[in-house]
Amino acid sequence: MTKVAVIGASGYGGSEVLRILQTHDEVEVVYLGGNTNAGQSIGTTLGNFYDINDMTMQNLSLHEVATQCDCIITATPHEFLVKILHKEILKQCVVIDLSADFRLKNPLKYQEYYHFVHENLELLADSVYGLCELNKTAIQHAQLIANPGCYPTCSTLSIAPLLQQKIIDTKSIIIDAKSGVSGAGRSAKLDNLFCEVNENIKAYGLINHRHTAEIEQNLSNIAKHDITISFTPHLIPMNRGILITAYANLESHYASITQRDLDNIYKQFYYDKYFVRVLENGTPPQTRWVRGSNFTDVSVRLDSRNKRVIMMGAIDNLIKGAAGQAIQNLNLRFGYDENKALKNIAMFP
Amino acid sequence: MTKVAVIGASGYGGSEVLRILQTHDEVEVVYLGGNTNAGQSIGTTLGNFYDINDMTMQNLSLHEVATQCDCIITATPHEFLVKILHKEILKQCVVIDLSADFRLKNPLKYQEYYHFVHENLELLADSVYGLCELNKTAIQHAQLIANPGCYPTCSTLSIAPLLQQKIIDTKSIIIDAKSGVSGAGRSAKLDNLFCEVNENIKAYGLINHRHTAEIEQNLSNIAKHDITISFTPHLIPMNRGILITAYANLESHYASITQRDLDNIYKQFYYDKYFVRVLENGTPPQTRWVRGSNFTDVSVRLDSRNKRVIMMGAIDNLIKGAAGQAIQNLNLRFGYDENKALKNIAMFP
Amino acid sequence: MTKVAVIGASGYGGSEVLRILQTHDEVEVVYLGGNTNAGQSIGTTLGNFYDINDMTMQNLSLHEVATQCDCIITATPHEFLVKILHKEILKQCVVIDLSADFRLKNPLKYQEYYHFVHENLELLADSVYGLCELNKTAIQHAQLIANPGCYPTCSTLSIAPLLQQKIIDTKSIIIDAKSGVSGAGRSAKLDNLFCEVNENIKAYGLINHRHTAEIEQNLSNIAKHDITISFTPHLIPMNRGILITAYANLESHYASITQRDLDNIYKQFYYDKYFVRVLENGTPPQTRWVRGSNFTDVSVRLDSRNKRVIMMGAIDNLIKGAAGQAIQNLNLRFGYDENKALKNIAMFP
Amino acid sequence: MTKVAVIGASGYGGSEVLRILQTHDEVEVVYLGGNTNAGQSIGTTLGNFYDINDMTMQNLSLHEVATQCDCIITATPHEFLVKILHKEILKQCVVIDLSADFRLKNPLKYQEYYHFVHENLELLADSVYGLCELNKTAIQHAQLIANPGCYPTCSTLSIAPLLQQKIIDTKSIIIDAKSGVSGAGRSAKLDNLFCEVNENIKAYGLINHRHTAEIEQNLSNIAKHDITISFTPHLIPMNRGILITAYANLESHYASITQRDLDNIYKQFYYDKYFVRVLENGTPPQTRWVRGSNFTDVSVRLDSRNKRVIMMGAIDNLIKGAAGQAIQNLNLRFGYDENKALKNIAMFP
């Protein structure tokens, strides 16, 4: 039995952590942390927990929380955990952080993309990037797990197979991404009002979206050399889901690769990965088939007219892109089945 | 271990039955029935099952199906099961029917509301109406369970407490209902196209909606005398959810009843019902807090200015209003915990 | 040519006033008032005006504004205009107010429903309620026009014909209303975020919604005696539209009235009203058929089983329920064709 | 006064033609053509026209229609007009065709992309492609105008300025497109049901979408040499709107071009085009700011890290992408102001 604290429990990510943990029979949730909602019961703030979970959100110090549990899951804003996390806490318990505070190994990137100076460099160096399919062994021994961002998770898993096989020209990668609105978090902003988002689509964060650095870090690690990409996210009028449509040119010596070859590369790359499903023959993934699940659906389509490939992926941004992957990390770290409490398939419609 | 066949597995109701049963560890699904999709694998038709469930839909006779299983769940169009179900089948296995074919005890109502002559009168007489919270004992011994309609489930549970206590004038009941689009089923109709439904609200089926008869049957049973109601459903641009807003005048000797009295009546009525949550103080239920779950949220609000009450309820029309209640019935009938495989709370957002 | 100032031009109501006035060839918009957006061009704040309207929002005093124009249209929060409007301003120009500040003739209702003490009693007495179809003559001579609320407009027009003819029991009126989200205005509130509203329906403001007083005032005026009603609004996941479903019992001496009789009463009542369209035979109105237009679609359906009628109406809450009716009022007041700049039919889909 | 017939009047495109023409004071609509709806009044089929337009849809031959009018606008399925249009008809009246039947100058492309053999080659050669901003003079003298497709309109206008200036590498063009659901037309298909589309995003028609050929034809004409592109459309859960996000590499001698240079190229290219609005500084266009209008919003963003540009455009697929451009073509052809009946800006929200 693992005792878990969830901090930021009333946000979209944190409440999903809590919801999924309700069905995890090896985990006991012992603490819920909130800020503005401290003192309120979770069932008042979030009606789905009404009459089911009678815990009250609290606002204790991280030190106090650490004494009560084996694992702290933080679903807090960026620049929160980085300022309060200390080595001593990590001696007491594992921390799985859903924010970006410990994802980027190069601390200078925090200035460039997050506009703050990262001063927790030792922990940054020790942290393990929690993209489970690519980093399993390290996760199993980590004390501080940086749970990946939603776009980076889906982008990386969509592109990794061809990148690793050196089939695509790494200077030609373009990622056109689409996300539901829950990715923007649960805070009152004019831009995320129903009437501003509904019946609209827009690109945003062009060139300098914060996830660009994280995606480039991941792809560079796979390719074993520095890669820059074009990353263009779009906001879609739906609650959940991320769809990645990525383009790259074939390396010239792979100009005659076939659709079947491409499919096989994906299937081999993911053959033992429970949470990645490879769609064959370039069938486009759809977010509805993963919504509410921890699955990533990927596929690749050959564009032989242009000697190019289209690499696609779909996730639920709050599950595989946040809460679900956090619990997958917990499972790996504490020795449970990787898919424990995560076997639900998508709820459709 | 109970062997279950699901017929109509690629519709919205049937596929939800199958999805939920994936997590039911005392049930083995042994057969999937489809009509136009027979021969296809379920994972091709419904991408959420891709790579997870490799069963193929078949189109066997009901007799053949019955030999393979302990329980048949039919999520088929009205007027299908009524024509093929025989006593012999019910000797072999339990049938839980999501259609209306065995819900209305008065066969003449089928002519009036469903425009066909019901000729399976013996089974109609033997069938048990599967509204679990009100009919538990009979369900536990039934061979043919008529799973209730979505509107009737939510309407009946919203009104039952005050009706049973004879607090409301039974001639004054008005039910204004709102439903998501999945209630219309998964068939290609112009009226249910995205662009026809989105950014629109309309009433439909005024006066003679087919669920009127079923609601009146339920309410009359509770009141122990015949009741007619006004029932007005509306179509809402969302996938799932039913909200009931029901109005009735207080009987004159209850004119000074208090909000607290009303709350207590609801809480007592449902105190041992796992799947009904009573919101206090007239807090309006919201479909988002039950979406994806088998819960019914109900509340009542006193309108003392008009000596009237507003009785409200929310369900997920595909879960408590269809697939979830079918499995709740299965659990009751086969002796499992009533909430087995049904403990999920709503997925939000 | 009428010179018009629009105050509150960047809200949902105010910007619609401005958009419609762009096509009004007898109106010149000479001033745009904004508060937080003062100093910004309207085309920066609202991209639909980009490159089309190069006016800048300002924050002048009402006195200064009044010197520049013939008519001020205020689309400002409640309790704003009431505090700054003086007789002198009304000598200079006509004011059409989209807020509730001058709608309720009984000042005590402001304490009860709006929680402030109304101290501008002389102007309140002089103000004219701008429900054009019912109050045309007074509007034509008014200096201060209180533009009606969205729910009151649609509710009143739906019920007026039978109320005036004394066909319905005035103690039995129940109004179940449904509104799109734009009715909540353009300010950043958690409850109106996309993910909170989408895939959800809820009732709100039970018993004491502020429009209750305004509807009761209207209905009482028509009936010529005091009426109380039950009014229950619901929030629907769509941008625009209000649908009213109102119920009332037939007076006993009208128990045998026919559907045709009812239709005729509506058609006679509205025969010379351009903006009210009567659907026959109880055809339910749909918000999509009025969205973007100033039309009100109404119909009535006889429920002979229950000796009751269902009165229905649909409007676009931002047009007939706000900006469109404001311009209809302007047209009446300044002697233009009532439908000038308002002839657009609904944009579908 | 121009007499116009609209064929296919009850579809999404045709009904928008009719709606816009209601406000065109130099046009008289003399005929409405329908197929399955022939004999019905337009106001029955489409509630927005109820009580406003009492015309009945008919199903006359094209010859009979041609005798009654100066201009026929066909909003019919592909492969309909191509089989019935003859030279004689074009002697009597102008035809503006919203289908693809006369858009592709190379008849072989119809076999490849539309799967039929084009046998109306003389008229195909004579037809004029109606992309008004690029083809104005020819349109002014055309008898047969092939109204462009929605994706091609938005894609071409987004890319044209840099293509004409030879700033981008024409082998590197990738168009990632997103469309609302109305682009799929008004016919009952399972895939376009509300519950299939809502809360989902998917790519479709990869590599071989029919608009690929039309876009390549347009871009090749501008570049004056053959171009192939990658074109990937996506279906978005909204009624209206197309957003284009196009990527291309800078030609090496333009590697140091600045954002300001790029902006200026767009502004110069479109300085006299009423319906194209250039957003500066790479501001992303949003479909909500053009919805309901005939405007195209375009912008370009320099990606200097990757020596690439992102070219963006937004239109309303039913207006500039169909009905609006048809009327813009009519205006050009019959000598009216180009923006007559088309001045409406977007309705927001």
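Labels for the chains are A, B, C and D, by order of writing; each one numbers its residues from 1.
One rule holds for everything that comes next: a residue touches a chain if its C-beta (ideal position, glycine included) is under 8 Å from a C-beta of that chain, and two chains touch if they have at least 3 such contacts.
Please read all numbers here as calculations on a predicted model, not as lab measurements.
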Among the chains, which one keeps its Cα centre farthest from the Cα centre of chain C? A
Look at the interfaces A-D and A-C and say which one is made up of more C-beta pairs in contact. A-D
Per the C-alpha centroid definition, the whole-Å distance linking chain A and chain C comes out as 46
When centres are defined as mean Cα positions, the distance from chain A to chain B in whole Å is 36
Can you compute the centre-to-centre distance for chain A and chain D, using the mean CA position of each chain? Integer Å is fine. 38
Could you tell me which residues belong to chain A and also touch two or more other chains? 12, 182, 195-196, 198-199, 237-240, 286, 288, 349
Taking the touch rule as given, give the residues of chain C at its contact with chain D in the complex, in rising order. 12, 15-16, 19, 22-23, 46-52, 182, 199, 239-240, 277, 279, 286, 288-290, 292-293, 297, 343-349
Touching residues on chain C, where the partner in the complex is chain B: 171-172, 174, 176, 178, 180, 195-196, 198-204, 206-207, 228-230, 232, 234, 236-241, 243, 245, 247, 282, 284-288, 291, 301, 303, 305-306, 308, 310, 312, 349
Touching chain C in the complex: which residues of chain A? 12, 181-182, 186-190, 192-199, 237-239
